[in-house]
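Below you will find the structure I want to go over with you.
By letter and in written order, the chains are A, B, C and D; residue numbering begins at 1 in each of them.
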Amino acid sequence: MEGFRYVHRQVVVLRDLDGFGHVNNAVYLTYLENARVAYLKEVVGYETLEEIGNIMASVTLNFREALGFEDALEIGVRTTRIGSKSFGLAHEIRTADGRLAAEATTVQVTFDVLGRASIPVPDRWRSLLSEYDGLDAGPA
Amino acid sequence: MEGFRYVHRQVVVLRDLDGFGHVNNAVYLTYLENARVAYLKEVVGYETLEEIGNIMASVTLNFREALGFEDALEIGVRTTRIGSKSFGLAHEIRTADGRLAAEATTVQVTFDVLGRASIPVPDRWRSLLSEYDGLDAGPA
Amino acid sequence: MEGFRYVHRQVVVLRDLDGFGHVNNAVYLTYLENARVAYLKEVVGYETLEEIGNIMASVTLNFREALGFEDALEIGVRTTRIGSKSFGLAHEIRTADGRLAAEATTVQVTFDVLGRASIPVPDRWRSLLSEYDGLDAGPA
Amino acid sequence: MEGFRYVHRQVVVLRDLDGFGHVNNAVYLTYLENARVAYLKEVVGYETLEEIGNIMASVTLNFREALGFEDALEIGVRTTRIGSKSFGLAHEIRTADGRLAAEATTVQVTFDVLGRASIPVPDRWRSLLSEYDGLDAGPA
């Protein structure tokens, strides 16, 4: 999948469909969540739910084509920007035969789950995300 | 709704449907959950999520008729039995015009959410549930 | 709810929560869908699923504050723009005590469900939506 | 997985969890649905949604142990009985390390999706399901 080093794979199941036989809009956010969690596990690493440590601040999602039952999806994830207390991700959702189903960008705020407060992006996250996706990390 | 003192009301929304335009099986369990939580709030009372204090041990669910978009549902809940560490509930799901869509029974185990262990049914629950639904509570 | 003539009301249920006890991101899109469907029923009118006749082309969603169990929500919907084959909606999600939980804008494409093709915004929709929300409908 | 020739595999994702961090009850029915659809594809075969041709008439589900984030699940499916217009399935849901999370039985009614009516179990289904799971198919 061009432009994405990390690609998450998932197949559309019955419960993802709406009454018209297409994947419901809300399910696209679940696909993005699954891909993002897998990406962060791969790049930053975590063992428990509490360590995931980021929450979505905003999302923009453009729907290009409907998805149907048993479509095999490829969901690309890429860090595009790392700020002081947040980082930006870009996504594409494509079918295995290359059709573009959706494009999305999200802003993720780093978060101390137990302390229930936003925190600066940890240096470790900054360097791992930057290195993985070829960003200029800037001064630590 | 005959046979049920407590009736929860809910309307079918788009996300509840499957690809055939009917309410998906799994959503019936969500309807039962919503009705059960509302019933326990009414009868036993709780203020927070942690106080809900019971988990489902088993469910038997008979589907009688399909449900569709915007059906107005009445979901009856009734305690049928109170044991030492569990209690039994009976349910019916009907449309507002009286069609029987599903019948269900569940066994609920009383649970200390913070301690993560099953506990005896609290005397307070026992007497409130018994009184509400006209059970013989037995010796407290 | 200031700025919105149409406000849909819905209460957060258990199934809406994620593993951290807050409403999951994807569920916000279901809240918007429920509000949008109710708004279109009120303003444009429809009897069946097939008549709903619009699909989401894009959404931008800003999360302002977490939502929790049993929060009573007010979800405002307002048409902001009517184009040739699409119209724009603005949304706010607030708790009953006035906290702003999320803001969103969506673009909806008018669609012939049976013919599976986008269609021009029907004149009837154009005039009803414009009138309801005080837009200048322009030349029909 | 002992006692099951067909085993479907699926990993618990964030959206499957409830507010206590465990998999929500209703999601177990989605796991069973995913496993059943995959099993029928393997054994009976289908190309489109309309060919799936069966609906759930009843389910009994016993919850044995809670499931958590990223648990790798094995979901066994086995035909236990084939009647004139329905067939019975047995299920177990286990974690990859062998813990039993749930047991279930369902009754599935064969159904003509387009005609919206129950139909006799097709001879082809009868012989394929019987052969796969070693049932005595009886006289066709």
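Everything that follows uses one rule, which is that contacts are C-beta pairs under 8 Å (C-beta built on N, C-alpha and C of every residue); 3 or more make two chains touch, one makes a residue touch a chain.
Computed from a predicted structure; not experimentally measured.
Asks: Please tell me whether A-C or C-D has the greater number of C-beta pairs in contact.
Replies: Answer by contact count: A-C.
Asks: Compare the CA centroid of chain C with every other chain's and tell me the farthest one.
Replies: Max centre-to-centre separation from chain C belongs to D.
Asks: Just how far, in Å, is the C-alpha centre of chain D from the one of chain C?
Replies: The computed centroid separation for chain C versus chain D comes out at 36 Å.
Asks: How big is the gap, in whole Å, between where the Cα atoms of chain A centre and where those of chain D centre?
Replies: 31
Asks: Can you give the whole-Å distance between the Cα centres of chain A and chain C?
Replies: That gives a centre separation of 24 Å.
Asks: Among all residues of chain D, which ones touch two or more of the remaining chains?
Replies: Residue numbers touching two or more other chains: 14-15, 19-21, 24, 26, 30, 33, 49, 69.
Asks: Chain adjacency by touch: line, ring, star, complete or other shape?
Replies: complete
Asks: If you look only at chain C, which of its residues touch chain D in the complex?
Replies: 14-15, 17-21, 24, 26, 69
Asks: So in the complex, the part of chain D that touches chain A is made up of which residues?
Replies: Contacts found on chain D: 13-15, 21, 30, 33-34, 37, 48-49, 68-69.
Asks: List the residues on chain D that touch chain B in their complex, please.
Replies: 19-20, 24-30, 33, 49, 55-63, 66, 113
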